[in-house]
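Same chain, two partners: chain A is paired with chain B first, then with chain C.
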Partner chain A sequence: MMPAETTKTSAMTGFVARTQTPSEWRAVTASILTLVEEATFDVTSEGITFRAMDPSHVALVDLFWPSSGFEKFECTKADKFTVRVEDFTKLVRRAESKDSIEISRQATDSLVMKLGSRREFELHLIESNQSNTPLPKLSFNSKFTIIEPAFDRVLNDISVVSSHITIETKKDTITFSGKGDTGKATVTLDRAGQDIPELDVKEESKATYSIEYLLKITKAAGSASDMINFEYSSKMPLRMEFKLGEASKGGRIHFYLAPRVQE
Partner chain B sequence: MGVNLRDIAEPKKISLEDLKGRSLAIDAFNTLYQFLSIIRGESGDLLKDSKGNVTSHLSGLFYRSMNLLDIGIKLVYIFDGEPPKLKHAEILRRAEIKKEAASLYTEAVARNDLVAAKRYASATAYLDKAMIQDSKKLLDLMGIPWIQAPSEGEATAAHLAKNGMVDYAASQDYDSLLFGAPRLARNVTISGKRKLPNRNIRVDVIPETVVLQDVLTENGISQEQLIEIALILGTDFNHPDFKGIGPATALKLVKKYGKIDDIPELKDKIKFDPLEIREIFLHPLVVTPSRSELEERPPQKEEIFDYLCKEHDFSEDRIKSSFAKLEEKKKVESQSLEQWFR
Partner chain C sequence: MFSSQTVNWFNPSGFIGNNPDWRTKVIIERPSAEMCLACRGAKLLCGKSRCPILTKAESFSRHAEMLYSSDVISGSSPPGLFVGRFGYPKVFIGPMVPAFHGDTEFLDTPEMWKGKTIEEIVDYRYSLVRGCFKTNIHDAVNGSRLIDTLQEISMANKPADSDLFLEKKPVQRITFSENSQPFGPSAPLKQFKPSGNISVDSRMEKAYYDRDLKASDAIFGLYRSGVLFSKIEKAFSVGVFGEKKKRKLVPTRWSITAVDSNLSLRLIDEIKDYDEIDEFRVFHGENLDNVYVGILTPEKWKYEWIEAWHSGTAWNKFGTKPEMIGDYEGYYGRKTYAKPGGCYYTTRLAITEYLARERKQSGAIMLREIHPGYILPVGVWNVRESIRSLLMNKYRAFDTLDEALNHACTFFSIPKSNWVANSELLRQAKEQMKITQYFSH
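Our next item is the complex of A and B:
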């Protein structure tokens, strides 16, 4: 009698989370894949969160995905699960663009992923050796919203001459620039243009960042959102925000990046 | 030496840049032996300073470590302590091979056969106490942490990787996997063009990694079973010499029967104590360093010039330029987010 009882109770702990399309999970897994090999997700009745830095502690991804951002979300007891990101990503990639993705866990050491209604995978979870990652304490003097293809183009322009990009905001303009052995590149965007729906400069700011990190995250997280919210201050880390799904109730990925040592 | 698990633990080729930002616990003895056998002149003679001191190990340690630091890889070297008693037979066996190689080398030099001389020379590589002291001193000057293991260096390296204190155990030997290292990196300190021993061709030595969990999953075995397979194939602690049993057969037998002493065709031929060897791999003697012991410190450049250039005749220009290169790299690097956590 006892074992049956135990099984029944434990079957009630766990969670189910379903999204209508694979686009959010694609962006989430691709973003995490740019940073770490193993990822621990926290699941509570509020939703799913994840936070980690890359091994050199230059970049940080902070995922907040509220239950309202899912088509179906149930969580009876707070839970954590750790996966090899590459394996998890492979499963997500198996989804076709119209497939729903449902992940669930019923008190086992596996995660069940259903693609559409007929395809089911079981992914073995791994042991977590994750440590708690704090968030950097920052105040931002410059904010702007840039459309994703425009930012992608800027990055690719500057990367022709440099591995770093300097971002300078003035009241009505943003200047992206870089210089290297072969020459210089400058892209100026202004408030009136369509590429920058929003620009808010409390204080003129200028900082330099690695293009490699920015290209990777823009490609990964940008797939789910058309706009990127960008915040930074002079010689300080930047924060990029990518929305997941509908802006009002969906989740978001925050990406933090430390500036370059030398201006 | 160590067990050869390549057939069942296929490594994945990587580039050193893939390890950027990662940390390695490097098996120091294993690496220094590599330097002593590889870093040699045309006729196989070791690099020496004007006073006749061997400097191959220092050259390898300095330039190879700088190369890894340049990429942004964090290092800690792990030095062997007292070998387990069971390794004594293996140590004697190796000494015997070296003695033989040494006399073949002398003969080859005498008859002016440089190709043969070089071949035998690399097999004579011998790491003495002074070289170990030299190496520790150089690491101290370079600000690279090193740890004295109580016993096998690989065991402590695996222990650090297992506890998340480093990302990889780095060694040429697969034994790290037997000690439970979740990730093994090979060829990191010797990558580049290398002449194959005994053959006159040059090959690319490419860094590679092995993930323990993948090895276990792909073969459908447990960590304990992996150790049983190694016992059949032979480790540093036993030389079973079961005729005609390679990795594939060993895998099959272990999957079918479990432990080596339960395998009908082998159990009567075991001339060693499996229990004792299992114990070495499953519960090795290791040390847990503090976080601060694993931290990099700034290099003492003046002292390094004195030590390598004045004492051991290294080229000052070359040492200077490798520091300049590293500093240039540091300048354009991104800062760590950590300073904004406070």
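Our next item is the complex of A and C:
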């Protein structure tokens, strides 16, 4: 694997970012599409970042995609660009699995996307009306890593009876449960199983979250990541981490979700 | 004694096989309110070939005076027409004509029925005779003499004097549906002849001749130019709008919800650009023994509709307690058909109309409590017009959802706890934390 090129060329006024395959962009755009219709990306010499909440302010996506995560990355001056996520996603979906994706911005009002070496699209940018979103200040008492298909199965199991999932971690086990008008569902996974490579419980934790949000983000971001790192505390928001590409390159999507608290 | 309250009709635990009376006694004679509310005469879940509640409703009005003893009806069509749904895609269509001339527009214009009693509405509908002719829904593309005439009268801007020649005397019956207004006596159609020129609405005619204009663009354009909902829906049902090859007939009861849904989706797109309201607003109104309350919340668009049917009302005839049904959608809308059916979409139109008029965005929790005076389902127009007039009333503003909800519940006989238990948006407001609450910790 070639090391990422990170160059600074003073003659350039915009940026160029190229990935070897479309899978990372697919995961990024699909994840963002679960929450917002318009997205403003920040581009600096460090890489590309994005952060936004859904309209109900229940979930937050925080993307960190360092320059080292790209095959080629050049940025002379910090920049922002805003797109309609649906339009941007449509372009990304045009890429075939072996195509590289290169995005660049030279003109002020449009973004150029090259798929492979022969296809080129120009996407008109829109005006940003997004305000700066801070991150929630959280400390997590329970952490675990779960393989993506296992979590997907858990969510689908619980969603048969409920629109919410309660996650309870003990020293050696994680219990996922839900109850609704039609009955109850419980899935227990333990440390010894293959589904949970890591489980670290500082303090036993129990919290309830909306399955709808979890299903959407797992489907969207899980496509690029085999594992999901999961962190939460009792009756507090959770944070899911999906790696973008090779874990060593440091790219990741953080997904925060506020809990459902029943008195 | 069999009771619909104690048997889960979806899973009678082997009971049905052992006791042949079960089906008769429980499902047909005493269908559960839960089943009736999910069906409302459309799916015939009880297994009967005709809905027993609607049949009973029909017998209620069968004693009306025998208005028609001839197979030729001469009068002014409001204009009115009907597209049936049974046998789809081969459906019965036909014009509706009363046995008198003059300004009959009110007979088929629900927007004019505000303040009328159920009996008056039944009388209006009973006076309209419907001729029935079987045709394929795709015949709307190429047309036929009857379809062309129906399309023309659906665009008429005043009643059309017509003669209706029937194969036999009309069956003296009125049919009810949850979605559409009641329909009166009918008979197979021999010939339909409007006399004289039909004066058509030029806005409708323009959409009709534009063979590249999508149906959804056509109906939204007409709605924005002030054409009444019932007129748009009528023309839509008879295949007046849409791209040339895609035009088709749409059964009346489906076309009402299609137009409600389509128009409200356009308005939702529009209101998402507006600022949110900065207070909780509570509206209250009553009509035909229905109590309506709207709670608007200061947040991005989301919507919920809940109906509570007291025992003795149209769809809870045999129950002993109120039965509730509702559904909701978040900011990005929904993909499945809402459980309460047409009322959900018609209320969504009325509330988005209000927000678009106010140039504001909000969440909307719309509640309806139906009392026993509502003996017959008269169609979703009743809900649309009631919510429209509710939103013309003065509202009371509150600082918190709790205060707003407490005020809202003073209008209902069903306690607050039942509304909260049945409302996803109220439960969300109470239980779902927001990520913003953790920014400053």
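In the analysis below, the second predicted complex is superposed on the first by the 249 of 263 C-alpha atoms of A that agree within 3 Å, B and C clash if a C-alpha of one lies under 4 Å from a C-alpha of the other, contacts with A are read in each partner's own complex, and residues count from 1 in each chain.
Methods note: a residue touches a chain if its C-beta (ideal position, glycine included) is under 8 Å from a C-beta of that chain, and two chains touch if they have at least 3 such contacts.
Values in this document were obtained by computation on a predicted structure and should not be read as measured data.
*Asks:* Clash or fit: chain B and chain C on chain A?
*Replies:* When both complexes are placed onto chain A, chain B and chain C end up clashing with one another.
*Asks:* Classify the contacts of A:P149 with the two partner chains as first (chain B alone), second (chain C alone), both, or neither.
*Replies:* In the superposition, A:P149 touches no partner, neither chain B nor chain C.
*Asks:* With both complexes overlaid on chain A, does A:P197 touch chain B (first), chain C (second), both or neither?
*Replies:* Neither partner.
*Asks:* For A:N129, is the partner it touches chain B (first), chain C (second), both, or none of the two (neither)?
*Replies:* After superposition on chain A, A:N129 lies in contact with chain B alone.
*Asks:* Looking at chain A, does chain B or chain C touch a larger number of its residues?
*Replies:* B
*Asks:* After superposition on the shared chain, which partner residues are touched by A:G183: those of chain B (first), chain C (second), both, or neither?
*Replies:* neither
*Asks:* Now that the structures are stacked on chain A, which of 114-122, 204-212 or 312-320 shows chain C clashing with chain B?
*Replies:* Residues of chain C that run into chain B: 114-122.
*Asks:* Per the definitions at the top, what is the overlap between the chain A residues touching chain B and those touching chain C?
*Replies:* Common interface on chain A, chain B vs chain C: 53-60, 134-138, 210, 236-237, 256-262.
*Asks:* Quick one: which bits of chain A touch chain C in the complex? Just the residue numbers, please.
*Replies:* Residues 53-60, 134-138, 210, 236-237, 256-263 of chain A touch chain C in their complex.
*Asks:* Which residues of chain C touch chain A once you look at their complex with the stated criterion?
*Replies:* 299-302, 330-331, 431-441
*Asks:* Give every residue of chain B touching chain A within the complex, in rising order.
*Replies:* For chain B paired with chain A, touching residues are 20-23, 72, 163-164, 167, 213, 217, 330-338, 340-342.
*Asks:* Where on chain A is chain B touching in the complex?
*Replies:* Counting only chain A, the residues touching chain B are 53-60, 84, 124, 126, 129, 131, 134-138, 163-164, 209-210, 213, 236-237, 256-262.
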